[in-house]
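Below is the structure I would like to discuss, written out as structure tokens.
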Amino acid sequence: MKIGFIGLGNMGAPMARNLLKHGHTVQVFDLNEVAVRALVDAGASACASPKLAATDVELVVTMLPASAHVRTVLTDENGVLAGIAPGVTIVDSSTIDPASAQAFAKLAQAHGNPFVDAPVSGGTGGAAAGTLTFMVGASEAVYAQVKPVLEAMGKNIVHCGETGMGQVAKICNNLLLGITMAGVAEAMSLGTALGIDSKVLAGIINTSTGRCWSSDTYNPYPGIVETAPSARGYTGGFGTDLMLKDLGLAADAARSAKQPIFLGALAQQLYQAMSSSGRGGLDFSAIIKLYERGEHAS
Amino acid sequence: MKIGFIGLGNMGAPMARNLLKHGHTVQVFDLNEVAVRALVDAGASACASPKLAATDVELVVTMLPASAHVRTVLTDENGVLAGIAPGVTIVDSSTIDPASAQAFAKLAQAHGNPFVDAPVSGGTGGAAAGTLTFMVGASEAVYAQVKPVLEAMGKNIVHCGETGMGQVAKICNNLLLGITMAGVAEAMSLGTALGIDSKVLAGIINTSTGRCWSSDTYNPYPGIVETAPSARGYTGGFGTDLMLKDLGLAADAARSAKQPIFLGALAQQLYQAMSSSGRGGLDFSAIIKLYERGEHAS
Amino acid sequence: MKIGFIGLGNMGAPMARNLLKHGHTVQVFDLNEVAVRALVDAGASACASPKLAATDVELVVTMLPASAHVRTVLTDENGVLAGIAPGVTIVDSSTIDPASAQAFAKLAQAHGNPFVDAPVSGGTGGAAAGTLTFMVGASEAVYAQVKPVLEAMGKNIVHCGETGMGQVAKICNNLLLGITMAGVAEAMSLGTALGIDSKVLAGIINTSTGRCWSSDTYNPYPGIVETAPSARGYTGGFGTDLMLKDLGLAADAARSAKQPIFLGALAQQLYQAMSSSGRGGLDFSAIIKLYERGEHAS
Amino acid sequence: MKIGFIGLGNMGAPMARNLLKHGHTVQVFDLNEVAVRALVDAGASACASPKLAATDVELVVTMLPASAHVRTVLTDENGVLAGIAPGVTIVDSSTIDPASAQAFAKLAQAHGNPFVDAPVSGGTGGAAAGTLTFMVGASEAVYAQVKPVLEAMGKNIVHCGETGMGQVAKICNNLLLGITMAGVAEAMSLGTALGIDSKVLAGIINTSTGRCWSSDTYNPYPGIVETAPSARGYTGGFGTDLMLKDLGLAADAARSAKQPIFLGALAQQLYQAMSSSGRGGLDFSAIIKLYERGEHAS
């Protein structure tokens, strides 16, 4: 299939590579010329604008930092909608708020183009390995059409409902993730302060009702899970500032839905405190540092 | 083995029955005569005081509501320590604060008796079926001695460390449980308010990073898990007031350990609000009702 | 002075009337024709668009619900900037986020017009009586120019710094107000539940270190302050949904400033819970109802 | 009047001195001999036990760190109740939980002695100057009897209701104080991060609806109130660990009263975080340091 791909950052670049590896023809655009050149070396062709990248293709994929970038890439005078042929589907894998996704879908639809929200989880590792999870918001028909393409980039392709529901699924999962991680940090910090061995406590939690991914797969207490960022100084993984972005999207969505999120809003402030203290680049499991006892000069 | 058993409530009674079923000789005490008679019908012999129940046995087991009851049962003039022979081990399966458990251990030790804290999880169902989890705080030697007896009442017997560590394990697990359940309630309520199908959302969470026991086994949203209390009007299960008790123990322990528990303290207030509004008898997953939209007369 | 006034809602209408009373010539615009007619009856002239209302005047005042409305009123093809003469100052009394105020100031400046943010406090009562407080963000020179006009509508005109600082002052004050009100609700509810007389407790707080406006002037416990909404079923006053809007602005500003607001974010959720339960129209001091004990049908 | 005074710490010592200054005869007890000697130099006579200090007096005053100390001082074999004559009133100025105060009152009453809870506010400065506020729980008759003696040590003597209500008043006030201080810290930190001048912001808050003692008299932002601890590196004043103790009492009381304290419980964790990081000795207004941005080494 001939695909236009816009957004070659840490996630987008390996995703576009996987499309090439699966035999698709890919034409790319990014403001960063180095990123474009690397993709061209891998077999893609370079385009001078989103408009040109969307011209003469069977599918457009966008992978961008935030809602404002998606809006610009779509609606600019040199944007996707200026170049795309009627009927061609746009897949946006950016993580943005559901309301924006739905608004973009309306814009695209008015232009004759189906719009699919398909945010991912799995991080840069999953993007490189082609094992991402895609959470897809689309009609049944459009979902059936894009699924094979997404399978070139991911392992789990999940249909979450109509447009916007991919974003809803992602932010609700990450809201819960932000809460459980802080919860594990509290439980592990409290338990070890009270004298229990950290491995014993984790072992009990992992086979009991406190069991969760944040404990059994990604435990923030150093020395429990060898493959977790806590075992390597909280480097790599899913950055605190990215968690903060997703909790911000959850807070926005909660406000629009008129739903309270008591624990989510508090967790958001805790990650904010980590970020404000200069630690936003550490993996989000570094939240456990807020529970460490120590000495301040005052 | 000849065992003295004190405390025949909803948990203690089926536990004592299981001791009888496994061929132990059991002599019991409880203030509630009806409870005592039922055990006598099952083969136990009745005692007129904790002292008498502890006399002439190889092991004493206590299962009581709170720390104050354990203290009385142990130290009263007609209490366990007044009747027990030197060297006989006391196993306390009550859920109490670790500091009290350690204080009782000191008292017992001064009297020549090993003291084991062995709180359980698994509820009244697990107590009846003999599938409880025991979290045991004891020296290696004492643990080896009591393990076979506990196996008559439970399926998982976990050695958590020295005295008090059984209680630490239990309250840390339940602290995390109280947090994850409220977190799942938030995520499910937010997602469905935004339009996603509840089963689709639960399915995604359960195979993603938000995965936890509170979602995959005990989801508070009705209709997700058929065996969960949410499927039967939040009846049965683990009562809100019991969760509140355990979060209170966690808060006390956190204070003594000088550890903040940001999310835990907030979750405690949420369960308190459920209890204060007259819903403390519902299963703790009914916390999701705090996130329902509705109409008040004002 | 000849003034264009745009936005004749519950606040804007009485403000425009006070300009007329002080001898200013006022030309008005609002989408609501009834509101326009009432002002015309009071001596204003009606305009068919913001553009026309801004044409041929010495000052423009806008009083609108939210940032999006201000943007439209300013930049539409029939908007203020299309009609206003160079050098004429625009005073925006809407409560919006500081970043938007600063962005609008840039737009206006590029067009040759000083832009002043001047949100108010004092409610509809203060608007009618001309006793509003204006929190003004402007250069010294522009402040000196607009102050006499604002004095026709308010009693306290406070210069808060450069553009945007009027909004910063308002949202920081209201952030604190939202917190102190919930705090007073907690303290009064706890104290009376413990048996102290509500008037005695309020009296002690009001002469001690817990003293605050939310207690001594606007106590949420019924029967303490006769003039407070709590004395009349929480009607009138400052609506919960308005407090929720201001806490939302504070949350947005905190996110942009990378500042945690632990208590503010939690208070926001509490007011959200009030609103979600259908009580967003009650005065914000009705938050005390979240602390009432009661009976639910389940 | 002849008075027995037990507890000569930072608060008790200057209080006892003021009794001497007002012409009372005072016999004292404290475990700290240096403290006793200093009072003897000031005119008191020393006693070898609480029992002896309570013997042959017209009133007993106790000023102790916590409930456990009061219990011991009262009920020990060398305690107050062993020496005091029937009918003599005991005034306890310690800050303890209301339930303990009521339990001690019962004990004393059974012994024929009225028991008054009379916790104070005003700090060591107020104790020295004799300007403390006493919050008194007692019957009308007993209150009338002790009031003249309290006036020798304080300026405001407030009758809060029956026994225990003095403690209720104090912990509810301090609960609110802990919340408002953290609230002011949030509002000042957010505002200044957004660019407003700290004095301008404080000025607006202090004349608006955010007004509170924590802002106008004790502002945590340095440079606003010259006499506040924030102006001298957060030394002196009311220590974080003391605030933490009072919030702990409030949490205990809330639990017993089955009342949620959402903001109070969160504020408690914030002060706990300050204490855990080694800053429990700073004035409680140092809570503002949790909102400072900075750089961590990781």
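Note that the chains take the letters A, B, C and D in the order they are written out, and that residue 1 is the start of every chain.
Here, contacts are C-beta pairs under 8 Å (C-beta built on N, C-alpha and C of every residue); 3 or more make two chains touch, one makes a residue touch a chain.
Please read these numbers as outputs of a predicted model, since none were measured by experiment.
For the pair chain A and chain D, chains touching both partners: B, C.
Distance between Cα centroids is largest for the pairing of chain A with D. More C-beta pairs in contact connect the chains of A-B than those of the other pair, out of A-B and B-C. Averaged Cα coordinates give chain B a centre that lies 37 Å from the centre of chain D. Distance from the chain A centre to the chain B centre is 39 Å, each centre being the mean of its Cα atoms. Chain C has its Cα centroid 51 Å from the Cα centroid of chain B.
Taken residue by residue, chain D touches two or more other chains at 254, 258-262, 266, 270, 273, 276, 290, 293, whereas all remaining positions touch fewer. Touching chain A in their complex are the following residues of chain C: 248, 251, 254-255, 258-262, 265-266, 268-270, 272-273, 275-276. Contact residues on chain A toward chain B in their complex (touch as defined above): 98, 121, 133, 135, 156, 158-162, 164-165, 168-169, 172-177, 179-180, 182-184, 186-191, 193-197, 200-201, 203-205, 207-215, 218, 250, 253-254, 257-264, 266-267, 270, 290-291, 293. By the touch criterion given at the top, residues 233-234, 266, 273, 276-279, 282, 289-291, 293-296, 298 of chain B touch chain C in their complex.
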